[in-house]
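These are the structures, in structure tokens.
Common to both upcoming complexes is chain A, partnered first by chain B, then by chain C.
Presenting the complex of A and B:
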């Protein structure tokens, strides 16, 4: 029952926001490594929707390892919100929805934000802190 | 709740075995040379009729001795019209995509966890992919309904049961050959029985 990280990936596969939470849990990687992993995830997500053995499918929604999982929320505009949590975390989906709300309020309504570019925004940081702790 | 398909890959990235159950969207037959012989009779190019002339253009003698529908050499109509949908991938392309996804996710999970943690499964709106890798590098991949719990134990059972019994201990099965799959009648039957016996199989 823990949340360890949050990524926001733009529609081109670039990592525009990345935060770690909690001291324990997953190791902290360099920002370059996170960029590469986000790009990989973007590609995998596109392929997974083509592999469906029955009808049309969405891309991967949750990806599980042995001790953690990634929950992915794909918005209508192609932005992906990814939450890294423990396996037993039941609130991942609702947390992602709230993160999306915070993103819509604090990032998309900010006239100084350039779309698809890295998010550097104190208001968004504060909303995320309130939601997930720091 | 159901099981869709099973893929087995060796450590050289080759698909060596394939079997499916309740797939509604079937892959198209693999292109000539895209797939090893003895992977699955259902998707291996064999007795291929050119649909225009009805002429036999390729025969694969290495096919396993599982019962198969007789080749209809007189009829120019394709046997599986639904497989000709252009949206469907050919089997060799599909097998490569599955391998690529599984390998990338395995590396992603290893990198994120910072230790030797295995990728277990992922879920989309219509299916769930389960993954199990043996120490010898064989990769077992199973696609099921998204509501199914982890099927890793089943993949492990297939490995420790039919796979060890009918492939590893089979002097006629060439493992690691890079030239042949591992399909044989005993392995196929026994895997089939095991999967059909699962409570989630319906």
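Presenting the complex of A and C:
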């Protein structure tokens, strides 16, 4: 059980925040690779939201591999929070809700943040550190 | 003291920022009329009325809303917009702080009136502070409680305490203070609620959005007859990263009067 990474993807599919947690977590990728991954996930998510046989759907919520899973939280405004965790991690959903709360407080209420732009914000970093460790 | 011309604070368009505030002048007559604005404070339980029938904010009893609380989130969003709006119309950090101070001043004049009305109207012997220290104490407790719901954390008389941090702050913040000037007073808030969600970017680290609070304090001091220059400064400590100092520099006439009253 471990939490390895957090992404925040804006409604246009751009990666606005990315953090890795723990020393022996995810392999290091270049920032360009992260941008491509986020953009791809955004596209996949858009397609999955149209696959539902019974009308409208909010799209993929988890994508899992053999050793890890991606948990996706889609907000009402189209911002996506993605948490990379181990398969057995039971708190992924509640952690994402708390990240959303921290985002609403420290990012959206901050007059120096430009919407849809990368998040460079000490307050948000501090809240995420308190929530997930550094 | 002569009051030859109206206090510049009573106009939003203080002289040096006229150029950047021109746009306000055309709309100001409608912008500040509150009476027709629909009320936010919909009465719970009362039968639904159309906005036209509801009494305007001026007609409602003043004491009814005494214990009412405002959503901190809603205010945080409002204040964030205020800062963004102001920031687009200024040329630098000092200008931004001054404009926030002016906005706070407009709030402060009203807060003082309401606070005095609520606290003293029911008392048998209503009083008004005429000495500076009791006035400062009432700002520290009454004003803070009326505006933020709790007293401020400390009052300090700077330099004399030889607090290194304070004197360094003073030298940075108020280079115009002459050595002969008396030490300014400071009100300290360890975690000001209105800037709780604001992270100032590094290139603007001098900026303190609590200038708004400083404006409120300045208006209250002015209203009580203690004209002063009030500014806000970040004085973070390890324990309280958001610690803010409100610096009060009284006008000379006030200091002279205090000296004379001491006799």
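Heads up, the rule we're going with is that the second predicted complex is superposed on the first by the 133 of 134 C-alpha atoms of A that agree within 3 Å, B and C clash if a C-alpha of one lies under 4 Å from a C-alpha of the other, contacts with A are read in each partner's own complex, and residues count from 1 in each chain.
Here, contacts are C-beta pairs under 8 Å (C-beta built on N, C-alpha and C of every residue); 3 or more make two chains touch, one makes a residue touch a chain.
All figures in this text were calculated on a predicted structure; none of them were measured in a lab.
Three-chain overlay on chain A, with chain B and chain C fitting side by side and no clash.
Touch criterion not met for A:2: it reaches neither chain B nor chain C. The superposed model places chain B and chain C at 150 degrees from each other around the C-alpha centre of chain A, with the value given to the nearest 10.
Once chain A of one complex is fitted onto chain A of the other, the partner contacts of A:109 are limited to chain C, with no touch recorded for chain B. With both structures placed on the common chain, the touch criterion links A:54 to chain B but leaves chain C unconnected. Touch criterion met: A:121 reaches chain C, while chain B stays clear of it.
The wider contact with chain A, measured as residues touched, comes from B rather than the other of chain B and chain C.
In the superposed model, A:131 lies in contact with neither chain B nor chain C. Touch criterion met: A:40 reaches chain B, while chain C stays clear of it. Judged by the touch definition given at the top, the superposed model places A:66 against chain B, while chain C stays out of reach. Between chain B and chain C, the minimal CA-CA distance in the chain A superposition rounds to 30 Å. Shared interface residues of chain A, touching chain B in one complex and chain C in the other, do not exist.
For chain A in complex with chain B, the touching residues are 26-27, 29, 33, 37, 40-41, 43-44, 47-68, 84.
Residues 105-106, 108-112, 120-124 of chain A touch chain C in their complex.
On the chain C side of its complex with chain A, the touching residues are 73, 76-77, 79-84, 87, 197-201, 204, 209. Chain B contributes residues 4-5, 20, 22-25, 89, 94, 97-98, 100-101, 104-105, 107-109, 111-114, 117-127, 129, 143, 150 to its touches with chain A in the complex.
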